[in-house]
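Each of the two complexes below includes subunit A, the first together with subunit B, the second together with subunit C.
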Partner chain A sequence: MGTRKIVIEPVTRVEGHGKVTILLDEAGQVSQARLHIVEFRGFERFIQGRPYWEIPVLVQRLCGICPVSHHLAAAKAMDGIVGVDRLTPTAEKMRRLMHYGQMFQSHALHFFHLVSPDLLFGFDADPLERNVIGVARKYPELAVQGVMMRKYGQEIIKATAGKKIHGTGAIPGGINKNLSIAERDGFLKEIDQMLAWCRTSLTIARDYTLEHLDELADFGSFDSNHVSLVRADGAMDLYHGNLRAIDKDGNRIFDQVDYQGYFKYIAEEVKPWSYMKFPFISSLGPETGWYRVGPLARINACDFIDTPEAEVARKDFLSVTDGQPNNITMAYHWARMVELLHAGEKIRELLHDPDLQGGDLVLKGERRGESVGLIEAPRGTLFHHYKVDENDQVTMANLIVSTTNNNTPMNRAVEGVARKYLSGAEITEGLLNRVEVAIRAYDPCLSCATHAMGRMPLVVELHDAAGRTLDRRVRD
Partner chain B sequence: MSDSVTITIDGRNIEARPGQTILEAADAAGIYIPRLCSHPDLKPIGSCRVCTVVVDGRPQAACVKPVMDGMVVQNSTPELLQHRRNIVDMMFVEGNHFCMFCEKSGNCELQAMAYRFGITAPQYPFQFPEKEVDASHPDILLDHNRCIMCARCVRASQELDGKNVFQSIGRGFARKIGVNGERALGDTDMAATDKAADICPVGCIVRKRVGFEKPIGQRLYDTRPIGSDIEEVRA
Partner chain C sequence: MKTLVLGYGNPGRLDDGLGPAFAERIRLMGLPGVEVESNYQLNIEDAELVSRYGHVVFADASVDSAEPFDFRPLDRHAPMVGFSSHSITAGSLLGLAEALFGSVPRAYAMAIRGYEFNGFGEHLSPAARNNLGAAVEFFGAWRSACRDG
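Now for the complex of A and B:
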């Protein structure tokens, strides 16, 4: 008889496309879950032949949701191509401000638009109510916060990149503008309100997690390694640092690795059923070397956070696991809100820094043929790797996007949920909801479209070994 | 011969000098006639037809047609506006004009023209032709994806630089800008100081390594539509 397959497929999407297959064994038990995300794999080829200075602007087309991350990762790589290892203070701080603005708006959007309905109404609430409109109806002040925080982040992106989406701020070796006094004062006027709202969001995520800890502890959870950039002194640094990998107990697998040589530490496995690759820590091999990235991994991997309120929040977060790494999938939301607060604090710090009004914007050095740019994007570590020939044309591009780093973890999360909530050969509403919630914890780029939609459209299909459809469930 | 003639453009009487083209006379009077292949430093060739006006009932290219006393010119009839829109539209679909990541964006005459005409999406199907990028020159990039065959570079190289770096070659859809008979730009005597390096209205011929240095908001057409400098003469 062999195995049966359940397919869960998001249907209407403009960019990014995913589907979940749950494989059953003969006894009807879940044997494996597979999340397929069709990426723009053609992109790396499309980039070839383009001039290097165009890449930071061009690669933003990879994603309509996190273009700034691609913009900055590519710009960091191109800094290397033009031989600049250290930017001017103004350039680095402008880029940081852009990045924290992106982090701020992305985390706020994800939490308020996508996650808060699940937390406020419960996973089993009617999807007609469990959405951002439902939140706006029942908790209007929260919905307003979400909108205003997102807008604040977007305005920062506009002030640093020139546009809210697909701007041009970062150029090889620097930045093309500084921050005017008027722009700065505009942001300063609102920053205290933003920080107050960060604290509220953090409290919601924290209290929810602690109240439901028993249920969440084994909701799609599993032990894993964690990878993140950290600063030389071990601090969390979302813009720049060296690579650190820890295991589930916090033991270092590698530390302070210069990411120019990332490929000596991270390898990618190809599996026949997925376009998306499966990265793993080379020294451990594909079986045990897979890891998580993103807010949870960053909080687990760093030694401390260098802004006071977020540091208090980090300690509070880790006290749940007695200071050990937290491996609970649903704890991503709490970790994400710690980072939201950190981003807010960083923005405030930068706004008070006169370097943002400086005039030294770009440096040039000796041209190189190859360079890597890494950044901690909202969804996790983002890798951009390029080779550029003597005619200034890109000859090779390799990108490992955040969501790809979380590929195996997302499969595990879905598998865990399916194991627990699948009964028999029927796709229940409850299973559908939980698969959705587990994937959402990782904020995958799959949600490029669901951000716009406010929820995740799904098709679930149950196939027998002969490929016949036994059951089908649609939510759009 | 009198040193002044009078023509009317859209019903307005304009003083012009004999020998001037309609386009030049209109410019001097603060009336903007859209144009792409025409450039004040180059001899006009009347190839893009964006400057088409109706002269005494017949369509003419304003950039080449000399003024004559008593001429009646129409510049902004609905038909002409539509005709120009169609031409610009076709230019967009015949090349690979990805404004969103083009370094000329904000400084591009084609893009600015589309904005002025209110074109948001082309009405014709994109052709997505295969085009080359010639990056062989150390200082200048030639990206055929963005060429609109205005031949400004051809004329600038001959008329201003005293060289013959560019030629218009091929016919019909295969027509393209060639460099010294099919060789790469790096093999020619093109120099970074050549006038031809800065004459391109679009992002086809650009200086290397300086793209995106001007922030959004400070680019040529960020705050004022193309042609407004000419119209300000009148204001």
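Now for the complex of A and C:
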């Protein structure tokens, strides 16, 4: 069988689309399926030459979906640049509150806006019904719940970051505000309701997964390594910790690695058909060293969760696989809802902490020239690496965003679905739906850097062995 | 009747920032009865926000609208668009406001023609700046006409 070079078309305004190409062999069977996500790689150059203190604000331009994650990862890196290894309690807890607010709103949004239609209506439902409007019509209470949870998280971001867009809360060495009593009391009034809704969401995801376990176990699933931050005692920690990598059986590939030296453990491969890089664990190489990040990886990698209800939920989650790592792609949704509950519990815990009203906000140390900031963003581990010269200007930036970490797994998921559901030379509605569902499990950030009103398509193309396009469908 | 101007787009991506730039210009005008919000993109919680207004103007950059801008009423029942982005269209947002909060404003799209999107930079192209000026001028007149009418 001959090979065919696939060329990604130049992209104009729309950065945020996913393109899937499925290549058939001469026997008409799937030989390869690839997901092309267009990632604009100019950002790292854009910030070169900018003063380091601007970076935590500037990097929020990178993503309209998770600006808070970039804000915090950059701020953590800049803490190192100003020589601060440990923030004041008020600064660290304010940042954590901001981060859990981000996690809360992002997970709630993904579940109610994007996932619940798939679960409630089924993969084969008409896309005109299988969307958030359909949920609003048929399950209005659930839809309101999703909107109000999202709003709650956004309000926490506003209170901690200063504003919802281009927050300035985290600064090198600390934070620029604390939480007022009035703000705290406002959030406390609603937290019990939010936690109740977290439990409802968790139940929906759990019950769905268990009821469809046989089908889901074979739906774009595969064994993989998993990478995440964990605390020194092995607990899940979404804001700070050391790197841990495990294999499909839970064996540790590396553990408690200081992320300042991440580049000794993680490498990135470039492939000619994708603008997005393919990270892998260096010691294993690109063929077997690729890994998953995000909620599934975090639940698999940690030893425990330090909030009571989420820990019960984690044990319940792992009981499905007898305590071993869960490698079912669609289990991401259940894992994400465990984290939603964890984020809610953490927010409640922090709101009761008087350190949030403290006045000791910023520290300074001895200036350094290089630093790395890592955070567990909603979609997974987010790496920010900077070098700063004696004129305080950034001379090097390397970012590995969460969706990039999941690049190979998303390709695997798409290929698995294509092999199982493609029949003949036509992209059926059923196949298109399932490709969409498999990618969505990873909650990829396809719209980094720019939005596009009404133009967020998924394009699926089918090519024969000679490279001819047999079919093309667009979901927009 | 209160009016909300909701501008959205990424100000770090050249002309993609036309929506927020429009919102900022309107905010500076200090028009009575006009409130202003801006964000990277529309989000589902904006359904609750828009349900509290009589009129809402959604301002966004456009790659292919008429020059200098296109201003038109919005259909509140437009179908949901979106594969994996967390954004939502203005039409879907109106449908959501009606379905969940029982109130939907009269809504308009202000699509301002932009030209440069493929890069990073916190500035508008000269042509987009001109189009922005025309859109702001139009909005002031439209708002006056609404109040007089």
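By our rule, the second predicted complex is superposed on the first by the 444 of 476 C-alpha atoms of A that agree within 3 Å, B and C clash if a C-alpha of one lies under 4 Å from a C-alpha of the other, contacts with A are read in each partner's own complex, and residues count from 1 in each chain.
Quick note on the criterion: contacts are C-beta pairs under 8 Å (C-beta built on N, C-alpha and C of every residue); 3 or more make two chains touch, one makes a residue touch a chain.
Note that the structure is a prediction, hence the values are computed from the model and not measured.
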{"item": "Three-chain arrangement built on subunit A, subunit B and subunit C clash or fit", "value": "clash"}
{"item": "Which of subunit B and subunit C A:368 touches, first, second, both or neither", "value": "neither"}
{"item": "Contacts of A:61 with subunit B and subunit C, given as first, second, both or neither", "value": "both"}
{"item": "Subunit B versus subunit C as contact partner of A:109, first or second or both or neither", "value": "second"}
{"item": "First, second, both or neither for A:151, with subunit B first and subunit C second", "value": "second"}
{"item": "Partner chain in contact with A:140 - subunit B first, subunit C second, else both or neither", "value": "second"}
{"item": "Partner chain(s) touched by A:212 [first = subunit B, second = subunit C, both, neither]", "value": "neither"}
{"item": "Touching partner for A:277 - first (subunit B), second (subunit C), both, neither", "value": "neither"}
{"item": "Partner chain(s) touched by A:387 [first = subunit B, second = subunit C, both, neither]", "value": "neither"}
{"item": "Subunit C versus subunit B, contacts on subunit A by residue", "value": "C"}
{"item": "Against subunit C, colliding segment of subunit B, chosen among 25-33, 115-123, 187-195 or 205-213", "value": "115-123"}
{"item": "Touching both subunit C and subunit B, counted on subunit A across the two superposed complexes", "value": "58, 61"}
{"item": "Partner subunit B, residues of subunit A touching it in the complex", "value": "49-51, 53-54, 56-58, 60-61, 82, 161-163, 166-169, 171-172, 176-177, 362, 391-393"}
{"item": "Subunit C - residues contacting subunit A, complex", "value": "8-13, 16, 20, 38-41, 43-45, 47-48, 60, 62-63, 79-90, 92, 95-96, 99-100, 111, 117-122"}
{"item": "Residue ranges of subunit B touching subunit A (in the complex, touch as defined)", "value": "100-101, 103, 133, 135-136, 141, 186, 208-218"}
{"item": "Subunit A to subunit C touching residues, read off their complex", "value": "11-13, 16-18, 40, 42-43, 46, 58, 61-62, 64-65, 67, 106, 109-110, 112-114, 128, 131-134, 136-137, 140, 143-144, 146-148, 150-151, 154, 164-165, 436, 439-440, 443-444, 446-447, 449-451, 453-454, 456-458, 475-476"}
